[in-house]
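What follows is a structure written as structure tokens; I'll ask about it next.
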């Protein structure tokens, strides 16, 4: 196993380097998911999103997810990057990815990474509309 | 729907541009799979791979897969790129990816794209080992 | 005792941290009850968690003066 | 009648195309039978398909002189 792990909270996500970072001689498959800002939420036009992180804890939670995934799927390389600050439409806000010998493992791991990140990592998203702002998922 | 479709057979795959190509204002999720050359196949060291395509038919089959996926998962953008020629360890040989409003669709579509490509697209891979060459999957 | 606030919790309180000096909560549960009483809007949230030293903490976890304590409103990263 | 060859099919025949002039197969099935008889190694492959005008063609599809015909050994892209 190569076991290369990148866990970061950053101001700007650079998607152009992701595959180079996850590439290694033992991996036949690399699966990456990028989450980006959509123009509309429930038919309302989004001006921008603002992300806030409890950074120290967020990095710890991201690391737990990474360790679980590497062990469960025997991953060679893994990346979890989340952006903070104001993001406009089309900006990438999160990148998760994994490389593995065969493709089943990296696909399943990639899905686990984003699903679990959304459940446990202390990062908050505020949607900025023309006339209001909304902290996403705050209310039932 | 944005409905941007990239179907290509190329000499060299550039993974640095993939997310930029699949990004659009309607997509909250982009999922990409890259297949690359692994150093070992069944414990034998691979020197290189050689890919050959029946190009005209391969592009048609790739296009069918793309059309099916776009319709089934309401994709916004889609890419299928396959490389031909000699590839060395770690080189990317195939890229499939899709963007969609929500992540379920792009994950499922991405998996469908690579699985179906491997079943139907007329491209052949020869493994070059130190002392022999093997056309992959040719024999039972 | 200092409590860090994030996201909507920061907006509800109007500050990025809370300071307890007279009535000091002794457990996670007491902290939750105290802030929900002082700021009823916490009761309207989908969920409310507390982290102690950067780990999610259950209701019975005791709070100490030197712990790093944070209110974790419903997360929405990704 | 010209038949394109790829991958291991090219290696078996030792050429990137086959030319039929005397015995000309009339259907996909006849083509498969003819090449398997001439080159027994085709019988050892995991599968053998034929494409007519860049589409997979079933055994009963007729072959015409102007069709683009190709032997498709087991694919292994990706």
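To keep things simple, chains are lettered A, B, C and D as they appear, and every chain counts its residues starting from 1.
What we mean here is this: a residue touches a chain if its C-beta (ideal position, glycine included) is under 8 Å from a C-beta of that chain, and two chains touch if they have at least 3 such contacts.
Just so you know, these numbers come straight off a predicted model, no measurement behind them.
Engineer: Quick check on the contact network: minimum steps from subunit B to subunit C?
Structural biologist: Tracing touching chains, the least step count from subunit B to subunit C comes to 2.
Engineer: Roughly how far is subunit A from subunit D, centre to centre by C-alpha average, rounded to an integer in Å?
Structural biologist: A distance of 48 Å separates the two centres.
Engineer: Calculate how many whole Å lie between the centre of subunit A and the centre of subunit C, each centre taken as the average of the chain's C-alpha atoms.
Structural biologist: Subunit A and subunit C have C-alpha centres separated by 26 Å.
Engineer: Can you list every residue of subunit A that touches 2 or more other chains, as numbers and ranges?
Structural biologist: If we look for residues of subunit A contacting two or more partner chains, we find 35, 114.
Engineer: According to the definition of touch, which chains form touching pairs?
Structural biologist: Result of the pairwise touch check is A-B, A-C, B-D.
Engineer: Write out the stretch or stretches of subunit D touching subunit B in their complex.
Structural biologist: Those in contact with subunit B are residues 4, 6-8, 10-11, 44-46, 51, 54-56, 70, 72-78.
Engineer: In their shared complex, at which residues does subunit B touch subunit D?
Structural biologist: For this pair, the touching residues of subunit B are 35, 51-54, 56-58, 60, 82, 93-94, 114, 117-126, 135-140.
Engineer: Spell out the residues on subunit A that touch subunit B in their complex, using ranges where they run on.
Structural biologist: Within the complex, subunit A contacts subunit B at residues 15-20, 23-40, 89-90, 92, 101, 103, 106-107, 110-111, 114.
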